[in-house]
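Naming follows writing order (A, B, C, D and E), and every chain is counted from residue 1.
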Amino acid sequence: GSGGGSGGGLSGTIRIDGSSTVAPLSELVAELFQEENPDVKVTVGTSGTGGGFEKFCAGETDISDASRSIEPGEEEACADNGITTSRLTVANDALTVVVNPENPVSCMTVDQLNQVWDPQLKLGSWSEIKGLEPSFDAELTLFGPGTDSGTFDYFTGAVNGEEGAQRSDYNNVGEDDNQTVTGVQGADGGMGYFGFSYFEENEGKVKALEIDGGEGCVAPSAETVRDGSYVPLRRGLFIYPSAEALRRPEVQEFLQFYLYRVNDVAAQAGFIALTGKQLREAQSELKTLLGSGGEGTAG
Amino acid sequence: MTGPPERPSTERTRLATAGARAATAGSLSRQPGGDVVKGNIFFALLLLAIAVVLFGLAAIIVQAAINGAPALSFDLFTNPSSSLPERAGFRTALIGTLYLILGVVLLVVPIGVGAAIYLEEYADRTRWWNRLIELNIQNLAGVPSIIFGILGLAFIVRGPLDLGFIVAAGSLTLALLVLPTVILAAREAIRAVPPSIREGSLALGATQWQTIRRQVLPASIPGIATGVILAVSRAIGETAPLLLVGATTFVTFNPTFLGDDGYSALPVLIFNYATRPQDEFQTLASAGVIVMLVVLLAINAFAVWLRNRYERQW
Amino acid sequence: MARHENRPETAREAAAGRASIAVRPEFRQGANAGAKEKMFEIENVTVSYDGQPAVKDISLDIFKNEVTALIGPSGCGKSTLIRCLNRMNDLILGAEVSGRLLYHGQDLYGPKVDPVQVRKMIGMVFQKPNPFPKSIFDNAAFGPRVLRMKDIEERVEKALRCAVLWDEVKDRLDQNAYEMSGGQQQRLCIARALAVDPDVILMDEPCSALDPIATGKIEDLMVTLKEEFSIVIVTHNMQQAARVSDRTAFLMVELDATERSRWGRLVEYDETEKIFTNPADSRTEDYVSGKVG
Amino acid sequence: MARHENRPETAREAAAGRASIAVRPEFRQGANAGAKEKMFEIENVTVSYDGQPAVKDISLDIFKNEVTALIGPSGCGKSTLIRCLNRMNDLILGAEVSGRLLYHGQDLYGPKVDPVQVRKMIGMVFQKPNPFPKSIFDNAAFGPRVLRMKDIEERVEKALRCAVLWDEVKDRLDQNAYEMSGGQQQRLCIARALAVDPDVILMDEPCSALDPIATGKIEDLMVTLKEEFSIVIVTHNMQQAARVSDRTAFLMVELDATERSRWGRLVEYDETEKIFTNPADSRTEDYVSGKVG
Amino acid sequence: MQARDAIGASGAIGTSPPRSLEAPSRRYGEKAIQGLLALCAIVSVATTTAIVVSLLIPTLSFFSEVPVGDFLFGTDWAPTFAPASFGVLPVVVGTLSTTLWGMLVAVPVGLLSAIYLSEYARPGVRRVVKPVIEVLAGIPTVAIGIFALIALSPAIGKVLPFMVKVPPFSAGVAGIAIGLMIVPIIASISDDAMRAVPGGLREAAYALGATRMKVATRVVFPAAISGVVASVVLATSRAIGETMVVLLAAGASPNLSLDPGSSVQTMTAFIGTTATGDIATGTITYDTIFAVGTLLFAMTLVMNVVAIRLVRRYREVYE
C-alpha cells in the first residue's frame, strides 16, 4: 500500500498480545490493515493467553488474543483496572486426533478417546480399548501439547469431562506441536492431538481419526466444523478488545477491518473460517463494545 | 649462623644415587615409555574434544543451512517481517535485536566490570556483605531466564522503573540476566593480574584507581572480552524473558530504542516460526538462525579483535 | 666521584661453619648523626605475617642525603623492613606493622596519612624486577603520566640514561618490556622509579641482576642522587654496601628457644666505615668479613 | 672446601664512561682441554628473536665435570645462550637457533631429539626465581614426582639441605612458596632443580638474590657437584666466576655499523685462571678488571 | 654527566617536595569511583532482592494451599491436571538428570578444549578456533533444541540405543545438546585463566623434564583452578537454567527417573512454558511457577556455597 491510503490518515499504535495459537491470524489481518493504513502501527505478541490477559487487564495492550475464554479471576482483574471487554470469536479450530498412517482404526467414539486418556484406566495397548473396530494391537504411545495450553484444557474438557482430568503419563511435547507429528509418525501405536492446521500441513505423515460424538463418525474438516457436525472437538478462537482502546479511531477501524476480512484470510493462516452466524454475532458484540467504549462507562 | 651444619657425608650419599642414575641416562631421543604413550593419548583426547565441539557446531549450522536454504537470500536482511512466508524478512526483528544488544553491551560492560573491580580490588573479603555479594552473583547465574522475564515485567516494565514495553526495558532485563557472566569472567581476569604489577604501580605514587585503570584493566581486557562475548551470545539468543517484557512477534516497522510502539527480536521470531505448522515458516526459522549467526559473528568480531590485541603472557 | 671514599677492606673469605646466635634484644642508633636531618625514625617496629613476626623490635634513624644500607642474611627481614617505609606492606593480607615509624617527624602510619602520598614521595625498586606488560617507553612514562608531570619524553629519556639503559633500548622503545633480558628489566624498574623524582628511593637489591659495569653506574648514580634525595638500599653485596652507603644496618635471624619461630633483629647500625672496619658486635664482624655461614 | 683457590684480584673499580666496542668476529675454543670429555660442543650458534640476532656465531666446547661460567654485560645474550643448551628457547615464540649444538656428540636440535628427554638430563635454574604456587614441599617434590622417582621425602630433604634452605623451612614445608623471602625462593628453585639429579645443571645467576653466606654455600655445592655432574653458570659476579669456575666464556655486545642492531658475541673463552689473570683479548681484560663501562 | 642532567631536571620540579603525608586533595574522585563501583556490585544484589521479592509473595500464597511437605517430597508432578498434584521431585530429578548429562559432556570437552587452546594450539590456530567455539554459545537455544530433536536424537539412538527410547524425547540427548551449548563457557573462560598463568611457571616445569601434558595438568591447570572452577560453576548454572533446549528435546513429561532415555520435565521447562502458556495468572497453578522458582533458587544457592568453599580451598596464588 502506498501512502495516503483509504484509511483517511489514521495513525497510532495498536498492541495485540496473547495466545500464540491465535497470533498468526491477528498478524495476517494486521498486515493487511497496515497496507491500507500505513501510519498505524500494529504489533502482535505471543506471551500466552494468560500472560496476554495479564497485560491486557493492566491496560497495557489493546486487544488480547485468546485460545480460551477469559476466566472469572482475569475478568475481575480487568474490572479492577476499569477495563471492560467482550469476547469476539474470530475463527474456528478443530482439535484433530491423529494416529500412525499404518493404524487400521479410522474412527473412535468420545468414550473410547476418554478410555485412552483417562487418568485412572491408564491403558497400555490399543487392544485394551473397548469396542474398537477393527481390533488393533500395538503399544499406546501418547503425545499431547503442553499442559499449560488452551488446547490441552479444551481437549480434556471435551473428552474427559473436566479440564485437566487427563492421564499424565504421556509424551508432553510442550510448545512445539510439530513434535507430535514426529512422534506419532515414529510409533506404530502412536496417538496425539493438536490444532487442525498442524494436521493440514502434515497430511500423509499422520492420519486424522474420525470422531463419533454420538451422531456417527465425522472427519475433521472445514466443512464439518462449519456445519457443526464435528463435535465435540471443534472450538472457537477469540480476541478480546478493550472498550477503553475502542475509543481510539484506529482501533475501531482495525476491529471493523478485522471482522470484515477475517473470513477471507482464515484459511490462509491455517484456521477454519467463521460461519455467517458466528460472524454476525461477533459483529454485534463489537457494536456493543463500541457503544460502551464511546460512552466511556466502564466496569 | 642460619645455615645447617654442612655434612659433606650427606652430600656424598646423595651424589652416589645421582651418579647411578646419570650413568644410565644417555639418549636424547624419545624414550618409548609410559610418559610418551600417555602424552600421545592425552593429545589425542584434546584433539578429540576440539573435534567434538567443532563437529557439533558444524552440524548445527549445516542443518540450519540446509533446512533454511530455500528461504536464504539477502532479502531476509532487508524485508520487514510478514505473516506471508514468501515475503517475510527479518529486518525489523534484526533491528530490534541490534538495539537490544547495544543496550545490553552499554549496560553490562560498565556494570559488570565495575562490580568485578569492586569485588577484586576494593572489597574486603573478610566482610560478610562482600562475601554475600560474591555468592549472590554466582547464584544469579543459575536463575532461569524466564524468572528474569518475570522480574523485568514486575520491576522494570512496571513497578519501580516503569519503563513500559520499550526496547530499553528489554535490554535492561537481558543485561541483568547476563551480568553474572561478565562479572565472573572479569573477576577471574582481574585476579590473574600478578600482584607485583599492582605493587609496581602503587610504588610510583599511582592511586588505587589509577593502578586499576592503567594497569589492571588493560591487562584483563582479554578475559573481560571473553565474558562479554559469552554474555552477548547468550543475550542474543534468549526468547522467554523477552516475551514477558514486551518483545512481540509481529512488527512491520523499524523499532527505536526508547519508543513504546513495540519491537521484535530475532530469537522470538525464530521460536515462533519454528513452532508453526507450516513448513514455509519452519524453513524461515532455520534461515533466521543463519541470519542470527551472521549478526552474532559481526557483533563479536570487535570483541575478538580486542581480545587478540590485548593478549599477553606474563 | 664521591664513591671511592669510605671503602674498607671487606668480605675477605667466608669460612664454612655455623655460629649459633645468642638472643640479644639490643639495638643501636647510628652514631655521629647529631647534625644530620632525620628522614625516618623507626622505633620498636615489629612486622608480622599472619601473627608470626618477621622482624622484631627494630629501632633506627635514617638520615637525609645519605645512602643507608640494610644488610643481613636471606630471610632476615630486609625486604619486610624496607617495604614498611613506603607502606607497601599494606598490600599484603595478614601483614601487620606495630611500633612507630616517623617520616620527617610525621607518623607514617598515622590515621590521616594517605599511602598514595607516601608512595609519591618515597619511591621503590623491588627485588624481583616487575616491569609492566607494556612497552619500554610506557613503563618509564607510567609514573610521570600518573602524576601528571610535563615533558614526559624528556623525563623518560633522562631516567633511562640514569639507569644506564638508554643506549640499549633507544631504538626499540615500543617493544614489550618482557622481551628484555633480566638485567635490562631491572634497570628499567630503576628508571621507572627515578622518572618521578621521589624524595626518598628505596631499593631492594637493585643490582642483583646487573653486571659490574651497570652496577658501577647505578652506584655512581646513587652517590650523585643522594645530594638531593635520600636512598635506602637492601643489598647482599658487602662491597656494594661498603662502596655506596654512608650508614649500614645489619640484621640477623634470631630463633626462639624451641627453634620453631625465627625473626629478624637489628644487630648493629652505624656509619658504614665503622661497621666494616670496627664493628661493635662480634656477629657483625663475622658477617661482614664472611666468617659466618 | 675447594672454593678459595684460583681467586684472582678482580673487579676493582668500574669507571664511568663508555668505550665503544670494535666489531671483531673472532671466537676461541677453550685451551688445554685435550684430555677432558666434551659435554657440549657449540658450533657457530646464532640465536635470534623475531629475526633479530641476540647472540651471533658462538662456538665453544663445554667439558664434563667442570664448572663453566658465562660472563658479560647485561643484555649480551648469556641467558639466551644458556637457554639453548636445554632447549628452553623452544618455548619462546619467534626464537630461532641456528648452528650446531652437540651434547655428548648428539645433535641437540636433531630431528629425533625429544626436548623433554633433554630437559630431564639438563636441569636449569632461572634468573628470576619462579616457584610454583604450591607448598614448599610440593615445589621441591615436583620434579621427582613427575619423573616418578622413589623416596620423594628423602630427596626433597636432601635437595633442600643442599640448597641451604632446610633449616629455614623444615617447620613450614606446607606453606605457600610465595610467602618466602626473595632469597629463599631462589634457593628453593635451586633445590627443585637438584632434586631430580640431572646430568648437567644450567644456572642463570643462581646467587643474584643471595647473601654472601648462602652464596658461599651454593658455590661450595657447585664445586662438590661437579665431581659428578657438569655445571654451566651465568653470573655477573666476577669473583664468583673466578671462585667456582674452571673455564670462563666472556661475551660482549657488538653493534652494527648503524648502531641500530646489537647482538652478543663471544670474545674469549679459556680457563678461568687465564681469563682473569692473563686474558688474550684486551676487552676481556678491561671487563674483568672493571675498566670498561 | 648524565646523572647530573637528571638532577637538573628533577631539581626544577622537585625543589620543594611536598612534605605533608596527608593527601593534597581529599581525593573525592577516588572515593566517588569506589562508590560507583560498589554501586555496580549492588546492582546484582538489587536484582537478587527483586527476584526474591517477586518470588516470595506468590510462593507464600502457593504454600498456603499446598503443604510444604507434599511439595518437597511428593513424587507426582501434575499441577496443571485435575486433580492437581504438586510433588516436585520428578521435575527436580529431571533438572538433575539433564544437568548431569550436560555436565558429563561439557566438563571434559570444555576443559580439554581449554587445555588445547591454551597449552597446545599455535597462536594462529587459537585465534581462529576460540571464537569459533564461542559461536556455539550464541546459537539460539531453539535451534539447538530442534537440532537435538531431529538430528542428534536419531544419531545417538543409533550409537547408544539406551539413550533414546521410542519417542524422540530423552533427557540424555537434551543434556548432550545443553552440554554442547555450554562448552564455550568452560573452554573460553578456563582458557583465559590458564593463559594468565605466568610463563615462568611453565618454564620451571619444563626445565624439570616435565612433558607438555604434565606441565598442563600439574602446573598450569592447578594454578588456574580459580578461573576453571568459576567457569564450571557458570556453565552448571547455565545448564540448570536452560529452558528451551530441554523443552524441545527432553519433552515435557515429568518422570521421576535418571534414565537418560526417558523423557523428563525440568524445573525451568515447567516455569518457562507455564509462564508463557495459556494458564490464567493468579491461579494456584500459576503460583506453582514461583514455588518451583524459589526451590531452584535455593538449590543453586547450595551449589554455589559449596563451589565457593571449594575454590577457597584449592586456589593457588601466584606471586
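In the analysis below, a residue touches a chain if its C-beta (ideal position, glycine included) is under 8 Å from a C-beta of that chain, and two chains touch if they have at least 3 such contacts.
Here the structure is a predicted model, which is why all the values come from computation and not from measurement.
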{"item": "Partner chains that subunit A and subunit D have in common", "value": "B, E"}
{"item": "Reference subunit C; chain at largest CA-centroid distance", "value": "A"}
{"item": "Chain separated most widely from subunit D, comparing mean CA positions", "value": "A"}
{"item": "Interchain centroid distance [CA atoms averaged], subunit C/subunit E, Å", "value": "47"}
{"item": "Whole-Å separation of chain centres (CA-atom averages), subunit A against subunit B", "value": "40"}
{"item": "CA centroid of subunit B to CA centroid of subunit D, Å", "value": "45"}
{"item": "Contacts with 2+ other chains: residues of subunit D", "value": "16, 116-117, 120-121, 128, 168, 198, 213-214, 217, 220"}
{"item": "Junction residues of subunit E, two or more chains touched", "value": "1, 27, 150, 198-200, 211-212, 214, 275-276, 318-319"}
{"item": "Subunit B residues counted as touching two or more neighbouring chains", "value": "1-4, 6, 35, 194-196, 207-208, 243-244, 274, 313-314"}
{"item": "Complete list of chain pairs which touch one another", "value": "A-B, A-E, B-C, B-D, B-E, C-D, C-E, D-E"}
{"item": "Subunit B residues within the subunit C interface of the complex", "value": "1-6, 194-208, 210, 214-215, 218-219, 312-314"}
{"item": "Touch list for subunit A against partner subunit B, complex", "value": "13, 15, 17, 20, 23-24, 26-28, 30-31, 34, 41-48, 51, 58, 60, 175-178, 195, 197-198, 200-202, 269-270"}
{"item": "Sites on subunit B touched by subunit E in the complex", "value": "35-36, 38-39, 42-43, 45-50, 52-54, 56-57, 59-61, 63-64, 110-115, 117-119, 122-123, 132-151, 154-155, 176, 179-181, 183-185, 187-189, 191-196, 207-209, 222-223, 226-227, 229-230, 232-234, 236-240, 243-244, 266-267, 270-271, 274, 285-286, 289, 292-293, 296-297, 300, 304, 308, 311, 313-314"}
{"item": "Residues of subunit E defined as touching subunit C within the complex", "value": "1-7, 9-11, 13-14, 17-24, 27"}
{"item": "Residues of subunit D defined as touching subunit C within the complex", "value": "1, 4, 11, 13-16, 18, 49, 71-75, 77, 79-80, 127-129, 168, 171, 179-184, 187, 204-205, 208-217, 220, 236-238, 253, 260, 262, 287, 290, 292-293"}
